[in-house]
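Encoded as structure tokens, here's the structure I'll be asking about.
Note that the chains take the letters A, B and C in the order they are written out, and that residue 1 is the start of every chain.
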Amino acid sequence: MNERIKKASRHTNQSEGLIFEKSSPGKRAFELPPLDVPDVDAAKALGTYHRKDGVDGFPEVSEIEVIRHFTRLSTWNYAIDLGMYPLGSCTMKYNPRVNEFVARLEGIATEHPYQPQALSQGCLKILRLLEKCLLEITGMDAITLQPAAGAQGELTGLLLIRAHLEKQGNPRKKVLIPDSAHGTNPATAVIAGYEVENIKSESRGQVDVEKLREQVTEDVAALMITNPSTLGIFEQRIPEIAEILHTKGALLYMDGANMNALTGITRPGDLGVDVMHLNLHKTFSTPHGGGGPGAGPVAMKKILEPYRPVPILVEKDGGRLALETVRPNSIGRVKAFVGNFGVLLRALAYILAYGPGVRQATEDAVLNANYIRKRLEGVYDLPFSLPSMHEVVFSDAVQKKNGVNTMDIAKRLIDYGFHPYTTAFPLIVPGALMIEPTESESREECDLFIDAMRSIAEEAAKTPDVVKTAPHTTRIGRLNETVAARKPVLRWKPATSKSEAAD
Amino acid sequence: MGYPNDRRYTKDHEWLVLKGDVATVGITDYAQHELGDVVFVELPKTGAQVAAGKSFGTVESVKAVSEIYAPASGEVVEVNAGLHDTPEKINTDPHGDAWLIRIKMSNPADANSLMDAAAYEAYISEKAKEAAH
Amino acid sequence: MRYLPKSLAERNEMLAAVGVKSIDELFSSIPEKYRLKQPLKLPGPMSESEVIQYFKERAGENAGGYTSFLGAGVYNHLRSVVTDAIIQRGEFLTSYTPYQAEIAQGTLQAIFEFQTLMCQLTGQEVANASMYDGSTATTEAVLMAERLTGRRRVLVARSVHPEYREVLNTYAKNSGLHIEEIGYAAEGSIDKKFLHASLKDDVAAVVVQSPNFFGVIEPVADLAAPTHASGAKLVVAIAEAISLGLLRPPAEADIVAMEAQSFGLPPSYGGPFAGVVASRDEYVRQMPGRLAGETTDSNGHRGFVLTLATREQHIRRERATSNICTNQALCALAATVHLTLLGKEGLREMAQQNLAKAQYALSQLEKIPGVQRKFSGAFFNEFAVELPRSVKMVNAALLRDKIVGPLALGTSYPELTKHALVCVTETTNKAEIDRFAAALRNTLEQPL
């Protein structure tokens, strides 16, 4: 380990088993107030439906044991609160704590989606203001806040496109998807009832416009584009791409995962995009929470507005807001209720904190990515040389000569105190290192990251084995994923867990 | 591991051994090596029809899924059920114990258009050269 | 700006290191005419206290201070403050999806515990790490049944939550699924005769919810045999998960689609919640969503990893079992903590209180002339009542007493315009139930 590198610290070691292994009959961690109505005989009331004994195997522990158990587990996690996640296209930015505070307010967290709308004006105003802000940011005409995440937003967007084309007489058969796209894109297209046709990127990593011209036929419903692309590069010909599609009656869908490069700088609506989703858990700071929840609002041009999922938020006389469900052309609901309201309000809190100054966040994100690119160029192979925006993609081509690949480098980065960058994606770059620092990283953190990456490159050249067998400082080594897939053990059962927790 | 002379090979790294009009099909050592540790195999049911060049199943490693393409057309008459519990055989004995399916071939003569062992070995060494560049 | 850790001097130094004179140069790849010249028209910027003030004002414009008898898929239950103390820890709140297992064992072990709890509750063999919610979990369960059977026809009970059915229809339209609805009988549960008549060998799934939208418990055990005889899969949706503290789990179901909101997630105007799909081991490769599995490292130490990822979109792409990527991880963690706090006895006791209070409320309401329960089937904490006057008028009057009355069923069930759905949980105390009954009696006694 290079002693010059200050950041690295040993991972916390603690032994902690499964909560079921700590249970002891009769212990409990939560008490209810006494029953204040006459009790009933559950067996009599429920007959054969009655579950006589409690849930078999359920934990029985005290409050302090619950606190210690989960606190100890938490110390095994890396988190944004601890340091940078240079994960490309994930936009792991700071999750502001005031957002957590306002989400929990009495009168916000407590509201039932079916309570009278006259008693929900506060919630509806939050939604309406968020709609307006996101329309301003995207340059679109209408929006739905219902989709629960980006993938569901993609599905909603494609269903809107399908409904629009169906109204014109032919939903068409295919969706074009670049070979650099995120996996949710083709998975979603299939669920929307379309065939996927791949479109290859050209030599600079951009959508091949000449190929596009050939591939856009009257069978093509849409192109799903990510902009900037998953290489972090702006699709410079996007207005032309939109034109080609529109001429043939097809539409342009934009995957908005990389909005962190565009907010306040340019607007997808101005570029010719017809419909797009946003990932509020990326660009708009709502917390990842270990994998969710998120929200994937879909913004669209006027032509798609009639097909929006219900309910629709409308403004009535006197500024009163209402949710309307009667919309004959709507594609229906994609999710129960109005959406992930708790996530939506956090995104609004983020936007309110920045105001028009949100452009500064975008500038800082792009500056950080370019700074890292400049200082790692020449150390790592840069397969595509067009300017990077908020993320940069290197490859492991240089290190591979010594048998060190991107996964190894990523694991070694853990020893230096960082979470790995995105490995092995996008698919068009073999051995990719996809790095997105976000605006939340200080210069100091960026420098520590750069120093770590440079040190690892040196190690890959001189002492490759230390990289190939990393990480060395975590409480647990590389786990056997083959066994986990061949013989899946997906739940605890009494007396079957034979291995012991790590020390 | 060498490539036995008793069989034919495809560009997609499948092998075929013919006995009468029944062909036993598997994937080659090269294929299992490219895949890494095999964790699961998805195979058709007996009675299913397979078409030459079309996928009839998949082989999974931890991080990837690969299609398996039929080297010839015909009806599936037997499936190696043991692979369900021990998919790792594909890594340890791809040319023997880890055969995948047996097909009653529509046209047994089709086997002759596939590569023999020498041609296949030349093919994969070309591939190795390409990969190195 | 307080979220940005760079000073002006640092920005200038970094620009110099990159080799550009201004930040605008770094956006030169965007065609000039599309680069914004003016700042966006957005409200703000707001200091922390101003952000709080904004939301406090909004909170004051909602239903604070009202007693509610609403359920219908979103339930008010007690939540311990311990849950927030845990999920607000930065290591849980601000961590990423646990793809790098060595530095995400906290998340992965918690998911493993969640999966275990869901299996214990539902009587199924395997459960996933969460779906968006109950409505999409039910939809995914149906799509899973389609993959397992290769069939396209789906029989759905009308007593399944109306919004769950709407979501299913949205997804079904584009996947070639044919959805048929099966009505309910006088008891309030599925019309078994009609179901049997509709079950042919082209059915992929029979879908019921238990307790159903009317609060009535469905005879899941009786439905399994005829469903399986026709080669279809039995999908059971559960919207009120606390019911599993007192009700036999739907172990005969092939796939369970549960909403875990009742396990410590606040109503939050409809989300975020957490759906779960649970099923049998033999179907696991057709399950959607993430799965955490147990394994060991090279030193033989136990650890957990995301596994069977070849089902998912990032590997299988267009052939994935689902397009889901981000799920409801933090909500599932909250449910895990909540259930661990409640424990075996606490869950049973909470369910018992729900049962007792709902029975008490019904007995008080049925004393009011003209008010009677609509269905006869056994129920947990929700029941439908028939009212002698317009539900809309009754609820308007109750609002004046600061009571949010039961859900009018007429919007979703045109044959039930005189009926409303009452939900009572352990959070409603006797005084409030009595006040509700008195206010209702009073309203109904008013001359028209």
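Quick note on the criterion: a contact is a pair of C-beta atoms (placed from the backbone, for glycine too) under 8 Å apart; a residue touches a chain by one contact, two chains touch by 3 or more.
Values in this document were obtained by computation on a predicted structure and should not be read as measured data.
Chain contact topology: the protein chains form a complete graph, every chain touching every other one. Overall, the chain located most centrally, as judged by its C-alpha mean against the mean of all protein C-alpha atoms, is A. Note on interfaces A-C and A-B: more C-beta pairs are in contact across A-C. Inter-chain centre distance (chain B to chain C, centres taken as mean C-alpha positions): 45 Å. Between the CA-based centres of chain A and chain C the separation comes to 20 Å, rounded to the whole angstrom.
Per-chain Cα centroids separate chain A from chain B by 38 Å. Along chain A, residues 481, 484-485 each make contact with two or more other chains. Chain contacts: chain C has residues 309-310, 315-316, 319 touching two or more partner chains. The multi-chain contact residues of chain B, meaning those touching 2 or more other chains, are 39-40, 60, 62-63. Those residues of chain B whose C-beta lies close enough to touch chain A in the complex are 37, 39-40, 60, 62-63, 87-88. Contact residues of chain C toward chain B in the complex are 285, 309-310, 315-316, 319.
Per the touch definition, chain A reaches chain B in the complex via residues 424, 481-482, 484-486.
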